[in-house]
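Here the chain labels run A, B, C and D in written order, and each chain numbers its own residues starting at 1.
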C-alpha cells in the first residue's frame, strides 16, 4: 500500500515533534504559502463545492506556482477550477499531478469544464472515492487511526480502482469497506472568524474543514475577520479548529469570493459565470479569455485584496445584502 | 376543492411534481443537489410539511424558506436547522439508519437501478482518460447504499437507460441476484422509484429488474419502452400518472425556483 | 462474537423502521422509564464520573426496579453507585448483571465502595475497557460501523479479556486494535437544555452523550430547562443531539443532583459524602444507613421533585452560587 | 531573588512540586485526575504559564483560575478553553500526536513502568472476583499509550513497586525488550519520569528498567531502594532533588488546593 501525503506513522511523528505553543501566527499570505506549500505536496482543500472555498490561498499558490500537486477533497468547485486553469494555461508554472476526490463541479453553476479538459486529455491521475469515503479518510487522519471502516459504496466500481479494501468484518462476518487515512501535507481553509493563535469559529456547515486541518501536517487559515482571542474563548463550545492545529492565520475579507461564505456573503453568480465561461472556452480550444482573466485578476495583482478591489463595490455590496444571515454573533448561523 | 390541472409544463417540471408526490410526510430525506432539492421543497409546501431534509454539507432538518439552495452546502440550507455539523455527520446519520429516503440522479441507469455519474468510456481501460469525464460520485453512491430507500431522478433517453453501465457509481440492486446488496455489505434496501421525464418506474420484487409503474401525461407504454435501452417489465396495472396541478406548477415557477436554476437549467449545460 | 444490547444489523434495522417525525415527546419520567427501560436491557449511561449524571432517571429506574441490566459507559460515578446501592439492598428488586466500563469511582470524592462490594463478591460480570475504547465503541455505534480501529491500549491486560481484537493493519502492516461497536438498548442522558421534540443543547464538555444517544435504540433525556424549539433552532451549530435521536423528554430541574451540571450547579459535596458514607458502611457490613437513605430519598417519594424538595433550600442555593458559569446563553460555557 | 526553601511539607506536597517542575512550558499535557491537576496548576503559576492542559472530559487549554477541578469533566475545567467537545475528541487528539505529556498514576508499578489500576488478585483466574477491585483504567491506559511521553506519580511503597503486576492496565515499556511498544502497535514513546514520595526515577535507555535519578529531601539511595520491591538501576550521578520552596508550598496550600481535596486526601480514603 502506498501513501500520498504522509503515512500514518510519518504524520504522528511530525505532529509529536511540532511546537504546539500558543503564539502569534499572523503572517502575509505570501509568506504562509512560501513556508507551507511545497512542490509535490498533497494539499487538503477546505470548503465544499463553491462554498467557503479557500480562494485567496489558491490565488497566492497560483501566483507563486507549484509543481506535481496532489489534491485531496470530497467535493470542490471553484478552488480546484482556478488551480486547473493555471495548469491549463501553463503546466510549467503550476501542475496538478493527482486527484483524490469524490466530486468536482459547481452544482447550480454547472459541471467543471477544466476537470473534463484535464481528465479527458489524460493529464492527471485520478482516484475516485465517494464523499463519505473522502470525509471519513480525513476523519481517520484527524483521529490518528490508520484506516476506518465504512458501509458504502461496496458493489461500486469506485472500490475497484481506489485503495480501499473490502474485508469480512471480524465481528459480524459481513463485508465491510476499509478506507486508508488521509494525511495531506498542508490544509488550506477559509473560515469566517479566527484569532491570532489560529483558533477558528466556523459558521454554518463545517464541511470537512476541522478534520482536514487536524489530519494535515500544516494548516493555513484565512478568515473574513480576525477576532480577539478573549472573544473566541468566551465560547469554547463553538471553536471548530483548535489553535494548535493551525500554522498560519491571515485575515482576508472576501477570502472565499466569488463563492458563498455562510453569514458573510452569497455567491457572486455574475463573476462565477464570467470565470466559468472562460474555462469552458479553453476546453473548447480558445485559451484567450482565460489567459486574460488570469492576467487581469491573478498575475496582474500583488495580492487578493487587489483582486477584490477590481470587483465593482456594488457587486460586493449586493452579495452581502442577499446573504441570509449577515449577523455573525457566536452561535448565530442564519437569522 | 376541485383540482385544476396545468395545461403547460416542461418535462423537468413534471419530474419535480412526480418526485414531490412520491415523498411521504414526516420522513427524513437526504437531498442530492439540483432537482431533488426542488422536489423536496415542493413536497414540503404541499402534502409534506413534516419532511426532514438532510444536506450533505451538514444541515439537517432546516426550513427551506430562504430561497432555493444553489448548493447542498450553501447558506440557504441551514435556516432553523435541527443539527448542523459537516459531511461526516450527515453521512454517518445515513449509515446509522436515520435517513428514510435518498434522492439522487445520474447520467446512466441500468435495469437494476445502478447509476453512473463518473465517466463515459471503457472502464477500467480508459479510466485515466475517459471519453467524457463526469463530476463523480459526490455523495450519491453513499446515499444509494445507506439511505433506507432511494428515489432516482433521470432524463429518459435510450443512451441513459442502458443494459450495461460504462461505470457503476451508485449501487442499485447490483447484478439483481438474490440479496446481492446484503451480500456486498450494503445496509439500505435499495432503489424504490425511478422518476423520469416519461414515466414512474419501480423494480420487480423477485428479479430486481426495472418495471413500469405509470406513464407520465402524453406518454404511452410503447413510447416509454422506446426511450429505454433495455427491456422493461410491463405489469398489467400500469396507469397514467396524474398531471401536474396549476398550483404545483405555480409553486415551482413562482415560489421555489423563479430564476430557473435547476428546473430550467439556465446555467447548467 | 456475541453482542450485548443490539448487534450492528439489529441496530440499523431498528432505526430504519423507527418513526423519525418531529413530535412532542414530553412525558413523565415514570412513563418514559416504563416505556423504554426493560429487564435485560443494556443501558448506555450518560454523563462522566459525577458530572451531568442522569440521576433523576436512575432514581425512577430504581423505584420501578429492573432485572439483569448491562451498563455501558466509559467513566461513571453517582449514577451507577445508586443503581448498585439498590442492588446491594435487594437483588430481587433490581440487579446489574454486567458492566462494560473503563472506570467507576468518584475522583475527588474517593473510590466506589459498591463497585468493590459487587466485584469482590463476584456479583457482576465485568468487561474492562479504556475510556477511549468505550467512547470509540459508542462512536462506532453512532456512526453505523460495526467496529472501529484504535491505537491504545495494546499490550495491556484489558485487551486479553474484552472483545477487542488485535490485527495487523491491512494498510500499514502494524498492529492495531479493533473495537466492536456498542449499541445499548436505551441511553439515559441529562442535559442543560432540550426542546419538546428532543433537540438537546449541551453546555461544557459533551462527554460521550451525543454518541451514546445516537448509538442506542432509544434515548430518554432529562433537562434542567425545557426551552422553546424556536430558541433552540436559532443556534443550529449548538445542537448537540438532534431530536430524531430522542424518544422521551422530561424537564427535571436539578436532574443531575447531587453531581455537577455545567453552568447550572456545582457538586453538593455534603450530600455526596452522606450517600457515599452509607455505601461504604454497607460494604463493611452495615446496610442500615443505606437502606434508610433509599427509604427516605427514593422509595419514600413519588418522583425526583419530591427528593429535591427534601434537600435544604439553602444547600441548593449554595451549589448554584458556587457554580462558575451560571449563565446559559447559547454558546456561553463559563463566565 | 533568593529562594527560600519550605521547612515543613508533606510527601504529597513534595510530589506535586516535583511533578510541576518536571513539566516544560508551552507543552500540551493530558491531565489525569487528582495530583496531576494540582501539579499542572502549580507549573502554570510558576515557570509554565504556557502549559496547555487537556482534560479527558473534553476541555482543551482552559485557564485553571476558577479553582481546582474536582473532576476532569467538571465545570472548572472549561474556563476560556480553546476547544471543548468530549472524550472522543480528547483521546483522538492524543492518538494523533497533539499531547506532549500524559500525567498519570496507578496502584502498582513494575520495573518497566507498566501500571496497574484495575485489580489486585490473580489474573485471569480471579478477574471476576478480585481480592481488591480498583476503579479501572479510565483514560490512563490510553494516555500511557498515546501521549508522546508519560509522567507517572506514585506513592513509594514496596507493595506498589513490584516485579510483576497483578494486572497490566497502562503500558510502560511492556517486557522491556527492544521496541516492545512499537511492536505492540503503540504510538507514544513511553514513560519519561516516575515521581514518587521518595524519588525521581527514569528508565535506562537500553534495558528500559527503572533507574534512580534523584532522591527527594530526607531520602537516600538506600531508603529509596528499600521502599522498592525490585532492584533499581543506580547510576553514579544520582543527585538530591531541590526541596520545595516556601512559595511553591504556599501556592499549593493557599491558592490551588486550600480545601485539601487531592493533596491532603481529605475525602479520599
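Methods note: contacts are C-beta pairs under 8 Å (C-beta built on N, C-alpha and C of every residue); 3 or more make two chains touch, one makes a residue touch a chain.
From a predicted model like this one, the values you see are computed outputs, not experimental measurements.
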{"item": "Reference interface C-D: repeating pair among A-D, A-B or B-C with over half of contacts shared", "value": "A-B"}
{"item": "Pair sharing more residue contacts (C-beta pairs) when A-D is set against A-B", "value": "A-B"}
{"item": "Separation of mean Cα positions, chain D and chain A [Å, integer]", "value": "41"}
{"item": "Distance between chain centroids, defined by C-alpha means - chain A, chain B (Å)", "value": "28"}
{"item": "Chain B and chain D, separation of their C-alpha mean positions in angstrom", "value": "57"}
{"item": "Residues within chain A bordering two or more other chains", "value": "144-145, 150-151, 174, 176, 204, 234, 236-237, 333-334"}
{"item": "Per-residue overlap in chain D, given as positions that touch at least 2 other chains", "value": "59, 78, 80-81, 84, 94-95, 146, 187"}
{"item": "Arrangement of touching chains [line / ring / star / complete / other]", "value": "other"}
{"item": "Set of all touching chain pairs, with the criterion as stated earlier", "value": "A-B, A-C, A-D, B-C, C-D"}
{"item": "Complex contact set, residues of chain A against chain B", "value": "47-52, 74-75, 101-105, 107-112, 115-116, 119-122, 125-126, 128-133, 135-136, 139, 150-158, 160-161, 166, 174-177, 204-211, 260, 262-263, 266-267, 269, 273, 323-325, 333-334"}
{"item": "In the complex, chain C residues that touch chain A", "value": "1, 7-9, 144-151, 163, 165, 167, 169-172, 174, 176, 178, 180-181, 202-204, 234-238, 330-335"}
{"item": "In the complex, chain B residues that touch chain C", "value": "26-28, 50, 52, 59-62, 78, 80-84, 92-98, 100, 146, 148, 187-188"}
{"item": "Chain D residues within the chain C interface of the complex", "value": "33-34, 55-59, 66-67, 70-81, 84-88, 91, 94-95, 118-119, 123-124, 127-142, 144-146, 167-171, 174, 180-181, 183-187, 261-262, 267-269"}
{"item": "Residue numbers on chain C that touch chain B, as the complex places them", "value": "11-16, 18-22, 142-145, 197, 199, 214, 230, 232-234, 236-237, 239, 242-245"}
